[in-house]
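Going by the order they are written in, the chains are A, B, C, D, E and F; count residues from 1 in each one.
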Amino acid sequence: MTVSGWTFDILLVATLVWLAVRALAEIKLFKSIVLFIAFGLLVSLAWVRLSAPDIALAEAAIGAGITGALLLDAAGHMRGRAEPYPVSSDTEEAAGGEDDA
Amino acid sequence: MIDAISIALIIVGALFFLAGSAGVLRFPDVYTRLHALTKADNLGLGFVVLGLSLRADSWVVVLKMLIIWALVIVAGATAGHLVAEAARTSHVVPWRRRS
Amino acid sequence: MPKVTPTSPFAVRVAALAVCAAVGALLARAVLYIPETEQGLAPLIDANLEASGVTNAVTGVLLNFRGYDTLLEIAVLVLATIGVLSLGVKQTGTWAPLAAQADPVLSALARFLAPIMILVSGYLLWAGEHAPGGAFQAGSVLGAAGVLLALSGYARPVWVTRFALRAVISVGFIVFLATAVGAMLVGGTLLEYPRDYAKTLMLVVETLLTVSIGAILVSLFIASASPAEELRHRSRGEA
Amino acid sequence: MSQTDLYTLAGSALFVIGLYALITRPHLIHKVLALNISSAGVFFILVGIARRVVGPVPDPLPHAMVLTGIVVTVSATAYALALAKAIYTETGVAALDAGDIENEGDPGE
Amino acid sequence: MSVIIFGLASVLMLSVIAGLIRVERGPNPADRMLAAQLFGTTGVAILLLLAEAMEVPALRDVALVFALLAAMAAVAFVKRAWHPGPSEKGGGPS
Amino acid sequence: MPTRELASRIDRIVQLLQRVVIFAVLWWVIAEADPDGWLFGVPFVALAVVASLGLTPSRTWRIDPPGALKYAWYFVTQSFLGGIDVALRAIRPSLPLDPMIVRYRMRLAPEHARVLFADTVSLLPGTLSTGFEDDSLTLHVLDCELPIEQSLRDVEERVAGVFGLTLSSEGGDLRVCETLTGDECE
C-alpha cells in the first residue's frame, strides 16, 4: 500500500467515525439525518477501498437513493420536534450567515 | 507528456473542488453557497473527467465518463434550483452587501 | 424553545458506556488477531464457479451456492413490505393530484432520469453475471427510479392497480421458491440447480428478483411516506 | 497494521458507537440511525475478514452476505421508520422515554 | 502515477471534509442539505479517480449510480422534509 | 384530414425511432461497447423507450441540430467562465459579492424551453434560478455589477435556437426585487 493510499484511507476512516459520532450525538433531527446521509456516501467509498465494488454499488443506490429519502420523509413527518424550521425572516436562523460571513 | 497534461488537468479540477468548498464555507448565505456549489464543482468534475480521458484506454470509456458528467450537471442544476426555490418560498432572506 | 433532553439518565449512560467499551475492546482484539493463514472459501468457490452458471463469484454465491440466504432475504423483504403496507398510512389517491402542482424543473428531471435509471438497472443486471452488479444492485437502482418518480408526483400511474403491484412484489420470491423446490423434485437437494440449466434458471430468477426488489423498495417508500396532502392538512390542523 | 486492519478497527468502533447510541438516545429516529451505523460496522468487519485470506482473490462469501445484509437493513429501516411515524401520529411523541420528551419543542412552532 | 492520483483523491476528500463544516454550521436546513449535495459531486470525482488508480473499471459504474442519484437527497428534502412557509399558496404554516 | 393523420403518424414513428436510437447508444456506451450485452440490452432499451414515452408522451417540439450545437458551445464556454468566476470570488480574501434578487420576464413560452433556460442559467456566471412565477423567472444574482440582463437575453436566444422557437417580442427585461418574494420589483 502506498503512502498516498494510506492518507486516503486514514482520512476516510477518520471522517466516517467522526460522522457516526456526530450523527448520533446531534440533537437537531434534521442535522443528524444529513450527517447520516453523508456517512452513507462515504461508506460506499470505503467499500471501494476494501475492493468490494459489488457492495459499493448496492450501498450507493440504497444509501444515497432510498435510505436518505426515507429518513428525510420521516424528518418531515416529525418536524419541529427536534428542530424548528425557519419559516419567516424574523426567525434568527433564517437570516443566514449573519455570523459567518 | 500526456501523463503530465492529464495530471495537470486533474489538479486543476481538484483546485475547483477546493474553491467550491471554500465558497460553500465562506459565502454568507444559502443562495451564494448554491452558486459556488453548482458552478465550481461541476467545472471541477469536468476537468477531472478531461484529465482521466487522456489516460483512458478507449473512446467508449471517455464517452461513459462524459455521460456521468452530464448527469451530474443536470442533477446539480436541478438541485440548485429546487433548494433555492425552497429557501426563497420559506422566506430565507438573502444576504445583501448594502443595508 | 424549551430544551430537549438529549440522552438517557446519567447512570444509564455510564453503564452503557462501560458495556460498550468492553464490547469494543473485545471486538478490536478479536478482529486484529484473526489468523491470516486461513484459506477461506475462496478456492472452493473458485473451483466450482463454472458450475454456478456465472463468472462473477459474488453473484454465484448469492444465487447458487448460498441461494437459501437470498431466498430468505427476499422473504424478509416481502414481509417488511407487508408490514409497512399493513401499518396503514392511508393509501388513498392523494398522490395523484401532486402531478399537477409538481415543479416543472423537478418533473423534467424525473422524466429525464427515470428511463436512464431503468437502462442502468438493466446494465447492472447484465453486468452481474461477470462483473460487479446483479439483482440487488439493479433492483436498488430500479427502486430509486420509482422513488424519484414518486417524489415528483408520478407515484401511481393509472395502470398500476393494487393487485398488479402486489403481484410484482411477490413474483420474485414465488418464482425463486418454485425453482428451488423444483430443483429438489427433479433430483438433488433444495436449490441445487441442474447443471445444464443453471445459467438460464439464474437469469430468469435474477430478472424477476430485480423487478421484485425494485417494486418492494418503491412500495416501502410510498407506503411509509405520508402523502404531502396529508402533511399539509396536519400542519393546518396543528396551527 | 494493514489497510484491512484499519477498516476492521473502524468497523468495531462504528458498531460500538451505534450500540451506545441505541441504548442512550431516546428519539426513535436516532435509534434507527444507530442501528444502521452498527450494521455498517458489522459489515466492515465481515468484509475485512474476507480480505485476510492469503489467496489472490478476496473471499466472495462474506461479500454476498453483506450484500444481503444491506438490503435487509434498508427494509428494516423502512419498517422501523413507518412504525416510528405511526407512533408519532398516534401519540405525538417519537421517543421511547416519554419523560424526556415532555419538554420538547412544540410542533406548531 | 497512481500515487499522484491517490493524492489528488485525498485532496478531494479534504474538500468533502470542508463541506462537512457547512453541515455542522448550518444555520439553515437548506445550508446543510446543499453540503450533502456537494458530497455527491465530489464522490463521483473520487470514484472516477479511484477507478483509474486502483485499476478497477467497475468503479465507473459506481460513479454512474452516484451521478444518477446525486439529486435524490435534494429532491427528497425539498418535497418531503421542507415545508413551505406561510406565504406560499396552499401551504399551511409549519 | 388523412394527410394530417398520416403526418402525425409518421411523426410518432420518427419520435419512437429517435428514442430507440438514443437509448441504444446510451446502452452501448454504458456497457462499454461489449457486444454480449445486447441480450439484455434490447429488452431494457425497449423498456426505457416505453418509460420515456409514457412519461413524456407527445413531443410537440423538435430539436434543431445547428441551434443545439451553437447552444452546446455557448454552454461549455459560459459554464467554464461561470466556474472560474465563482471560484475566484470564493478564494479572494475580500469576498467580492453584491447579491440581489431579480426577476426576468421570459420571452420563451413552452415549458420545456423554460426548464432548459432555468437549468442553463444556474450554471452561467453569477446567476442562479430560484423559481418560476407566471411568465417570469426569479433569479439570485451574485454581483449586481455583472451584465446580467444582456447575458440572460443571450441564453434565451440560444435556448430558443435549440428548439427552433421564435422569441416573443414581449419581455426580455429585468427588474430588481427589493423584497424576497419579488412582490415589489422596480
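Everything that follows uses one rule, which is that a contact is a pair of C-beta atoms (placed from the backbone, for glycine too) under 8 Å apart; a residue touches a chain by one contact, two chains touch by 3 or more.
Because the structure is a prediction, the values reported are computed rather than measured.
The greatest centre-to-centre gap from subunit C, using C-alpha centroids, is found for F. Nearest to the global CA centroid, when each chain is reduced to the mean of its CA atoms, is chain E.
Looking at which of A-C and B-C shares more C-beta pairs in contact, the answer is the pair A-C. Taking each chain's centre as the mean of its C-alpha atoms, subunit B lies 11 Å from subunit E.
Here the CA centre of subunit B is 31 Å from the CA centre of subunit D. Spacing of subunit C relative to subunit E, judged by their CA centroids, is 22 angstrom. If each chain is reduced to the centroid of its CA atoms, subunit A and subunit B end up 19 Å from each other. Within subunit A, residues 5, 25, 33, 49, 51, 53-54, 56-58, 61-62, 65-66, 69-70, 73, 75-77, 79-80, 82-89, 94, 96-97, 100-101 each touch two or more of the remaining chains. Among the residues of subunit D, those touching two or more other chains are numbered 13, 20, 25, 48, 50, 58, 63, 67, 70-71, 74, 78, 81, 85, 104-105, 107-109.
Residue positions 1, 4, 6, 58, 105-106, 108-109, 113, 116, 120, 123-124, 127, 132-134, 136-137, 140-141, 144, 147-148, 151, 217, 220-221, 224-226, 231, 239 of subunit C each touch two or more of the other chains. Within the complex formed with subunit A, the residues of subunit E that make contact are 2-4, 6-7, 9-10, 13-14, 16-17, 20, 23-29, 31-33, 35-36, 39-40, 43, 46-47, 50, 54, 56, 58-59, 61-62, 65-66, 69-70, 72-73, 75-77, 80-83, 85-86, 93-94.
Those residues of subunit E that touch subunit B in the complex are listed here as 1, 4-5, 8, 11-12, 14-16, 18-19, 21-22, 28, 30-31, 33-35, 37-38, 40-42, 44-45, 48-49, 52, 57, 60, 63-64, 67-68, 70-71, 74-75, 77-78, 82-88. If you check the complex, the residues on subunit C that touch subunit D are 1-8, 12-13, 16-17, 19-21, 23-24, 27-28, 31-32, 34-43, 45-46, 57-58, 60-62, 65-66, 69-70, 73, 76-77, 80-81, 83-84, 87, 89, 134, 136, 139-140, 213, 216-217, 220-221, 223-224, 226, 238-239.
The touching residues of subunit D, when paired with subunit A in their complex, are 2-4, 6-7, 10, 13-14, 17-18, 20-21, 25, 27, 29-30, 32-34, 36-37, 40, 43-44, 47-48, 50-51, 58, 63, 66-67, 70-71, 74, 77-78, 81, 84-85, 88-89, 94, 104-109.
Contacts from subunit E toward subunit C in the complex involve residues 58, 61-62, 64-65, 68-69, 71-72, 75-76, 78-80, 83, 90-94.
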